[in-house]
Structures are given as C-alpha cells and as structure tokens.
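I'd like to ask some things about the structure below.
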Amino acid sequence: MKILYFAWVRDKIGLDSEEFDLPSEIVTAGEFIEWFKTRGDTYAEVIGASDTVKMAINQEYAGPENAISNEDEVALFPPVTGGKY
Amino acid sequence: MKILYFAWVRDKIGLDSEEFDLPSEIVTAGEFIEWFKTRGDTYAEVIGASDTVKMAINQEYAGPENAISNEDEVALFPPVTGGKY
Amino acid sequence: MIIVQREDFEVGIELKRLTEGNNEIGGVCSFIGLVRDSPEKESLEAMTLQHYPGMTEKELNRIDDEAHSRWPLEASLIIHRYGRLQPGEQIVLVATASAHRKAAFEGCEFLIDFLKTRAPFWKKEDYGLVTEWVGSLEADNRATEKWYE
Amino acid sequence: MIIVQREDFEVGIELKRLTEGNNEIGGVCSFIGLVRDSPEKESLEAMTLQHYPGMTEKELNRIDDEAHSRWPLEASLIIHRYGRLQPGEQIVLVATASAHRKAAFEGCEFLIDFLKTRAPFWKKEDYGLVTEWVGSLEADNRATEKWYE
C-alpha cells in the first residue's frame, strides 16, 4: 500500500509518502485508521491531533465505511484550503 | 428646446434631432406629449404607435408628471435593448 | 471606470489595470457579452448598437455608484461598445473586484442586469435582406426586478 | 478544460480561446482569485500552495462535469496554480460560457465554491518570521452547502 501525506501531516511525519504492507484482516478505512495509529507515536498524534484529518482512497474522498486493500493508494491530509478570495 | 430621436423613432421621423419653441403654457412632460402629437401625422404616429415610447429630460428618464421647459434637452426613444447575452 | 467606445477592448489588459497595486483584492468577477447568432432565425450578419451619448455615461455612472453603495467593491469597470458588430464580437465588459468573491459576483451580476434595462442602447439586427430594431426583452426586466425584492 | 500548473496564465488569451469559433455563446463569466494581503495581520510575504497531483485533476473534472449537468454551458475552464505565490499574483481562473448570462454566472460561482471546498489544495502562509498551514474556512463550507438547499 502506498500512503501519501500532505500539508501539516506531511511536515509532522517528515515524509511525502510511505509504502506499507496492510494486514489482510483490515478491510475498511475505519479499521485502517485504528491500525495506522498503532504504528508509532507520531502516527497516533496525526490521527489524534484533530478530528479533521481527511482521507482519500485511490484519489477519492473516503469515509470510515469505505473498502480498503493493500493495492490502494491512500492519502491523509487536513481539510483543503485555497486562496482567501 | 432640443429634441433627440433614437432607434425606430429616429427612422420614422427622419431626423436625429430638432429644435422647437415650446409654448410657455406647457409645463409637464405629459402636456408636452399631447402638444407633440399635434405637430403632424408622423409625430402622432410615433406617440400613438406604441405605449412603449420612453422619454428623457436632460438625459434622465422622465414620466408624465415631470417638469419641462423650453431650455431642456428632451429625447424620445423605444425601450432600451442590448445584446442577447 | 466607465468607457463607451466604438473600438474593441482587450479583456486581459483591462482586468490587469483594474487590480494593479491593490493587494486587498482577493477576487475579480467579470462578464463579457458577445454578439450571438440566433439559431432559431436566419443567420445574423451583424447588429448595430445606437446609443444616446451623454445619457449613456450618466446612466452607467449611476448604476456603478449604486453597485458600490450595495457591495464592498475595491474597483469596478464597465466598457460598452456601439456601432456595427459581427457575430462573435465583444459588446460589453463588466468587472468588479473585492476582497471576497461573493461581493464580486453579486456586484457584477447587478451591473450587467441594470445596464441591460437602463443604459440607452438600441439594437438593429441585420439578417441580410431584413434589418429590424429589436424590442425590449421581458426577461431582462424580470432580471432587474429581482434586485428590488 | 482543466489545467493545474505552476506558471502564471494570461486571462485575455484564455478567455478568447474559450469562445473562439462558437457564435452561440452570448456571455462569458469569469472569476480570478488573487493572493490577498491580510490587513488584520502582519504583512503576508507569500503563500505556498501544495496539491495532490492526480486527485486535483480528478476532483476538478468531477466539479466541471457537475456544472455542465446543471447549466447549459457551451464551454468552461479551470486553471489553478500551485507553488509559491506573492501578494497580487493570480491563483485561479474559472470561466463559463453560455448563450445567456444567468447560466454563465451561476455555473461560474458554483465552480469556484466547489473548487474551494473539494479540490485538494493546502495553503501555507509566510509572514517572514512565521509560516503556518491554514485551516479550512467555515465560510467556504457554507458557500458549498447552499447548492444543496
């Protein structure tokens, strides 16, 4: 599984992206988030720091109920922001 | 008094503008319109042809109750139209 | 700024000039009106816009002042052409600049709605064998009325 | 048409290209978003827009398709920049072309509202001594919600 980080999530983890092996028993985005937190303190902090970390699976916004697998491209990022216009 | 014509009113009267001497007893735009009709058949037709001939006095839209005098610039024209955007 | 002219205009240059040197502008909304063909009728060869010099500028200034009194606009621009125009040619440019986009959009739509019903322009359509002065469009009057609701 | 690029764009050229050869277009509405200074804070030196290549284009295409399904648009365009931008620089251009102005205005405002809440861009503001990632703006979420009312 490829996982991408953006904005302050990227700064906090210190990487643009990582490659993981997703345990086969994890089949939903919600389960993925719980598992992701167990990978280390920084990972737990990213998820715990805010209710607002968003997720995309294969470049589409995803919620906890969405299906996930080891072949997916996953991204974690804060809510999007543009210009102040 | 200077009177200007636009669009089909100009085509019908055959002039861009005319100079009139306004009788001093005429003091409102409504009275002006009644007097204007008596100037000839074409003038009566322009006013009678349609309810929609509009009037401006000194480059501002005017109604029958507006004051008028021999020093004013008067214009008669159809409702305005722009592009079809 | 109000400009009434026979010549064409360059949208990019005009919009750049509108915002230059003002870094409190966050958004610019603009509308360009073009000479449109009438697919339902025979083909339009050209249209001729006649206007009332002097009164046109007065009405456009009045409309522009009204927009500035209703919305926090940093800048605005109306350029309107007259004379004979071919299908596809630019007729009018209206643009508004504001800190936020909502004021820019609303101010711009207000300007073009009012311009179409208040500014003294009259249009003659040329279909080759037939030319005709066009009456006022009911739809435009309805678009203006909504601002008084 | 969707374009995501680091380079600046020429509004006049882009709008001309949008309407060229289509005489059924009566109006073009466009919105330009600019890097705005914050008068309430210390002076903004620059902002950096980060984005998610691939997903950005997908989301913008989805938003654009949605606009075309809601309004009779003859053409539309979104150009969005990323990278480091100074105050006054252009960030985004959204434009819609239609026979009538109402569809053009509504489609254009829809595109920019949705773009701001859906397209994966993140902004870091640089105030010289301090740089900070900016959170989502509640006002933008409200602007998107109105389209579902």
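For clarity, chains are labelled A, B, C and D in written order, and residue numbers in each chain start from 1.
As a convention for this text, a contact is a pair of C-beta atoms (placed from the backbone, for glycine too) under 8 Å apart; a residue touches a chain by one contact, two chains touch by 3 or more.
Computed from a prediction, not measured in an experiment: that's the story for all the values here.
Enquirer: Name whichever of B-D and B-C has more C-beta pairs touching across its two chains.
Expert: Of B-C and B-D, more C-beta pairs in contact link B-C.
Enquirer: Measuring from the mean C-alpha position of chain C to the mean C-alpha position of chain D, what distance in angstrom results?
Expert: Taking the average C-alpha coordinate of chain C and of chain D, the gap between them is 23 Å.
Enquirer: What is the distance in Å between the mean C-alpha positions of chain A and chain C?
Expert: Result: the chain centres lie 48 Å from each other.
Enquirer: Spell out, as numbers or ranges, the residues of chain B touching 2 or more other chains.
Expert: 83-85
Enquirer: Enumerate the residues of chain C that touch no fewer than two other chains.
Expert: Each of 26-27, 31, 33-36, 99, 101, 112 in chain C touches at least two other chains.
Enquirer: Based on which chains touch which, is the overall arrangement a line, ring, star, complete graph, or other?
Expert: Topology of touching chains reads as other, fitting no named class.
Enquirer: Got a list of which chains touch which?
Expert: The list of touching pairs comes to A-C, A-D, B-C, B-D, C-D.
Enquirer: So in the complex, which bits of chain D are touching chain A?
Expert: Within the complex, chain D touches chain A at residues 31, 33-36, 38, 47, 49-50, 52, 54-55, 58, 91-92, 112, 115-124, 133-137, 140.
Enquirer: Of all residues in chain B, which touch chain C in the complex?
Expert: 4, 6-8, 10-11, 52, 56, 59-61, 75, 77-85
Enquirer: Write out the stretch or stretches of chain D touching chain C in their complex.
Expert: My answer: residues 10-13, 15-16, 19, 23-37, 39, 87-88, 99, 101-102, 104-105, 108-109, 112, 143.
Enquirer: State the interface residues of chain B toward chain D in the complex, per the touch definition above.
Expert: These residues of chain B touch chain D: 83-85.
Enquirer: For chain C, which residues are in contact with chain A within the complex?
Expert: Interface residues on chain C, with respect to chain A: 26-27, 99-101.
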